[in-house]
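Presented below are the structures under discussion, each in the form of structure tokens.
Look for chain A in each of the two complexes below; its partner is chain B in the first and chain C in the second.
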Partner chain A sequence: MWNFIKWEVLQFIGNKKNQAVYIILLLLSLYYAVAVAPNYEPIEKVSRDEMQAAYDTREAFLESVEGRDQLYPLVEYAKFLFPDWNKLELQRVNALDEQDLAAYASATEDWYEFSNQTIYSSGDLFYYNPLYYTYGNRFAKDDGFYGYGYTASRFQDYTEGEHKLSYELFEERTAIQTLQRLLSDFLPFVILISSVVLTADIVLKDRRNPSLVKGFPLADWKRMFGKGIVAIVGSIAALFPLGAGLVLIGLREGFGDFMLGVPIYNTAMSIFNPGPELFTRIPMWEFLLLNLAFLTLWFVALVAVIILLSITVRLEFINIAVGLAIIFAEFLYFERAVSPFTDAYWYPTSYIQVGQVISGTRDFLYASQLFTMERGMLLVAGSAAVCILIILLITTNKRFSYTK
Partner chain B sequence: MIRMLKTIFLVERTDKKTLFALLAIAVFSLAISIYSYQIDLGNPIAEKSNESLTVKVALNKFQVVDATENGPGSPLYKNVVQQDHAYTKQGMALKVERPELYLESALRLTQLRKEAFTMDEYDKVADIMPQMIENELDYYYYSYLAQLDSPPPFEAYSYTQFLMYLLGFVGAFWFLIIAVYSSNIMIEDFRHTTLIKGYPIAFDRYVLAKVLVTWSITCLFVLTLLVFSLPYGFLGAWGTLSSVISVWNGEVEIHSVLSYSSFAIGYMLLLSLVAIVSSVILNVLVRNVYITVFIQLGLVALPLMFPRLASLVPWYPYHYVNFPALLRGESLLGAYPAELSASMGLIILSIYLVLLLALVKGFLSSGKLQRA
Partner chain C sequence: MLELKQIGMQFQEKRVLDDISITFESGQIIGLVAPNGTGKSTLMNVIMNYLSPKQGQVIVGGALKYTSKPNEVKIHQVMSMMPDQNELYNHVSGKNHMKIYQTMWNSRPELIEDTITKLGMASYVKKKTGTYSLGMRQRLCFAMQIVSDTKIMLMDEVMNGLDPTHVEMISQILVEKKREGKTVIIASHLLENLEQYADKIYFFKNGKLHLADDLAPGFSAETVTTIRLPKVTAEETAKIAAKFPELAMQKLPNDTILIDIQQQTDEQITALVSFLVASHISDFHFGKVSLHDLYSMEYQ
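What follows is the complex of A and B.
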């Protein structure tokens, strides 16, 4: 068995296609670090101008209604509200002027909490940062609600934890924070697609040279097992070329640290009732480990599906097609805020975006409480187990030979 | 030659990959037809309902003042207020089902937006307004409808309109689909070199026959796509041949369904040829299906990763593989706009194809095969 795995590893590494995948991943990550990451423009920027403008506008309004009574109720409301809002705004501006990052973090946390509660419950009286309102986005207000809550929770962590504060940290530009952002973005797709491409020919390649395989006196199911392990380890190894870009980002923007808090959307909260408990936090190392665990589960499931297809359908392009179909299936049925009308939480494919599942964003997007990490992991593991069982049933059949 | 064409065709016809691809295209086409019918694709009542929000947000960026002609507001502010009015009117026209009023207010809206682009402080609202070229396309489309005798009623797309939508959707991915499909065109020949040696015929002619057969199969793909989109017409309305679409092709033009579809299909068939011939070359050079696909993908991805290339090397053929985007004028958007039109793409891709064929003829010979 051990010799067989060694032999498979050598074949895996020697495969031109696999080498190409690793090189492409390396190039992509370097491209991202050099060309994309520096242009990252978060909506919640540290921008003195923006704050000053908001402050001046409110100040001008307060002056214009100074000393007048018998005002329209909404104006009265604003008159009551703006002094508090501006007090926080002024604290932020002053902290920036004095380069006092700790004070800035604390004032910013208060500001986001205050703004979020005010704006979300005000109807159409106030708006979130205009960058949320892109052309055609019907859920801009909800996005703003999530974004402000997330930012408030983040800044609470900067205030309470012992981190080395910097502007890069505030704008989530450091290497580890970039990784965290990307895990909730397109990174799971890239990783899982490479896993599918790496695995696609691991069984079928033997059909070309059946005589080579006969050199190992090993039961077929053990071979499949060995191949599966090689494919999973190979997929995990694909994470290393991606790390190169992160090192590059880290050298330029700082690395951040593993104790940073990652806000997790608290699905038990009703979104109609924003409050301080909207987000809970877990440490960065825990978030990354959970992601790694979930991704590994997905590797197991995808590899199991591909091996199953390889011994039944036996066509390489079907392996790729089905693998990609699993990865992108959610786009077929995804719709925002449809939780009461969907049973999508029972589909394993709803849990492809592992970062979003773990941080609760998926729940937020579906407006649901059911897309939990635990359920996702169980579903994916269950599907993998079913595939593995079928593989065992087929390969232990005496008349079966996968090279025929 | 004819006999060889026939032999290759017989082999390819029963190829599992071809059958699977045909099946996949048929299922996809059928699914998108039925789905589009279900969601009432193109129905203005469903599609316009959320657009007015953006104008409301834009208004929020201005201090509220008197917006009449002599009022103190900036011209842009007045313009946005008028846009808001036009939206309200449009929404009302939808509710009371008066197409001519709807058209009038839609036209007014595009006109207002057109004026707004040149005003001071436009940056302030640029993010939440449609891009200039989008607005221009809308403007021409509505102007065309306005000068018709009877404006079209509020309905979902008819089949002819859906056809243009479908071709625009599939056309965007066509090159990649064919690149993937044809990626193993010569690989089998390397595994069994005796097969190809059996033909008493020059290598370039063999390649030509193979390309022609594969290309005719891609024509079959297009046909499948069209046939399996017909259920949309049966379920809904067929529409008339006078349906139009506004496209950007160097300038904004109005095209009828016939001219747009024939252009799109012709373009797709040209793209197929380019993809197939480059697959042949790459197959001979790298001898690996995956690396062939990766290189094709890389060539297409290059201009997307480095948008500056559009103005630096406008003759780079892979700028032109996504022709629906070119027809929507997307080359004019972004940080590095360049005027890349689809008809220019047609010419450049044809020249590129001739160069590729010359490469096959001049540099690839069966000698390469023997070394496999």
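What follows is the complex of A and C.
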């Protein structure tokens, strides 16, 4: 068995298509590091000018209403709030002027908590950062609410933790934070597509060399198992070329550290009850490890599906088509905030974006408490187990031959 | 020991294997002779269970049958078939091809170097097989099967693309394997070579296997059985037949006449020779029916 796996590894490495996949991933990663990452514009930037402008606007407002009575209730309300808001704003500005990053982190945490509570409960009186309101976003206020809560939690961690603070850290530009952001963005798609392409021919390639392998004294189910192991390890190895880009980013922006807190959306909390408890945090290493575990589970499931198709349908094109269909299926039914009207939380395909599932963003987007990591992992593992069982049943049939 | 029991195989209307029952003993080289497309490869594929016969059973070692997947694995542990040279992995070296066969069958590792030396492959065996010539690929396929070191070896057209030197090299290794007690079944068109090394030769015809000795009694014997007349006219043939009506004469497609003298007395043979000389037929030879003769008789 071990010898067969070694042989398959040799085939896998020598396969030109696989080599191309790794090279493309490496180039993509370098392109991202050189051309895309430097242009990253976070919504929650460290911008003294913006803070000063906001401060000045509120100050001007306060001066304009100073000494006036019988004000319109909403104006009165603003007059009541703005001094506290500006006090926090001024603390942030002063901290930046003094280059006191710890003070800036502490003030920023307070500012985001205060702002979030104020804006979300103010009806249409106050607005979040305008960048949440782009492209006709119907859920801008919710996104702002999530974004401010997330940022508050992040800055709480910077205040309480023992991290090397920097502007890059505050804007999530360090290598590890970039990885964290991408895991909640398009990276799972890239990784899982790579896995599908790497695996598509792992069984069917033997149909080109049947006389070489057919007679091996090894049971077909063991061969499938061996091929599956190689495909999964090969898929995990696809993460390494991506690491090259992260190293480049790390050299430029700093690497960050594995103890950084990653905010996890607390699904049990009501969206109408903003506050620091809306997000809990887990260490970065745990977040990355959970992502790796979930992605590995997906590799197992995708590899199992592709092997099953390879011994039944036996068309490489179908392997790729079905693999991609699984990865992108959620786009067919995804709709925001439809939790009461959907059973999508029972579909394994709703858990492709592993970073978002782990961080609770998926729950937030569906306005649900049901798209949990645990449920996702169980569904994906269950699907993989069913496929593996069917593979076992087929390959132990005495009439079966996968090279026909 | 390999036993075939009532093996039958049919492709649409064509019956390729017709109720074949035969036993191949250990320590023998078995030759299978037939034109292309008559069923040799089908038979080998059935023996390996790459094709399931419509009827019959393959029995290995007296008891093992293809009744389950675990049994198939057990059988393949003791029986292998030479790979097709067109199916080598071009990006993998010859030595790595041999290594996988050695490791998959868990045979002695030193067999690799030993076989490389015997087949004169040292100069190229570490190169990728994509750079190999036809003969080099063929030798590699043979070497792969040799390092698998199974008790039963099936080889389809093992001598294809080989020059006489390498044919002889491979033949010597086959004889060695036979001495080790292995059963080697070879389908080949190199008739002289088969005739020289095979212990038994079977002809494939109409889906059945015919032992050469049954087709030409005394084929394997070391005695003179035949007078061969390669250049006789029809008139001369008629004269011989008229003079010796009791003689069994056979005309081959190349106009050679074979006279069976196994049942003839010394006096009768002397009379025949005297007649040939008196008739100015000087080109005749005493000997046996060759494999070429039999092939001509059966297939041309």
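Rule of thumb we're sticking to: the second predicted complex is superposed on the first by the 403 of 404 C-alpha atoms of A that agree within 3 Å, B and C clash if a C-alpha of one lies under 4 Å from a C-alpha of the other, contacts with A are read in each partner's own complex, and residues count from 1 in each chain.
In this section, a contact is a pair of C-beta atoms (placed from the backbone, for glycine too) under 8 Å apart; a residue touches a chain by one contact, two chains touch by 3 or more.
Note that the structure is a prediction, hence the values are computed from the model and not measured.
In the three-chain model built by superposing on chain A, chain B fits alongside chain C with no clash.
In the superposed pair of complexes, A:E66 makes contact with neither chain B nor chain C.
Within the superposed three-chain model, A:D343 lies out of touch with both chain B and chain C [touch as defined at top]. In the superposed pair of complexes, A:V197 makes contact with chain B only, with no contact to chain C.
By the touch criterion defined above, A:E162 lies against neither chain B nor chain C after alignment on the C-alpha atoms of chain A. In the superposition on chain A, contact of A:E374 is made with neither chain B nor chain C.
By the touch criterion defined above, A:K17 reaches chain B but does not reach chain C.
Geometry note, superposition on chain A: angle between chain B and chain C about the Cα centre of chain A is 80 degrees, to the nearest 10. Superposition on the common chain places the nearest Cα atoms of chain B and chain C 10 Å from each other.
Common to the chain B-facing and chain C-facing surfaces of chain A are residues 16, 208. Residue ranges on chain B touching chain A, taken from their complex, read 16-17, 20, 24, 50-51, 53-54, 56-57, 60-61, 127-130, 191, 286, 288-291, 294, 298, 305-306.
By the touch criterion stated above, chain C contacts chain A in their complex at residues 48, 50, 52, 66-70, 72-74, 76-77, 80-84, 87-89, 91-92, 96-97, 100, 103-105. Residues of chain A touching chain C in their complex: 3-4, 6-7, 10-11, 14, 16, 208-212, 214-221, 395-401. Residue ranges on chain A touching chain B, taken from their complex, read 16-17, 20-21, 24, 31, 35, 124, 127, 130-131, 133-136, 138, 140, 197, 208, 315-318, 321.
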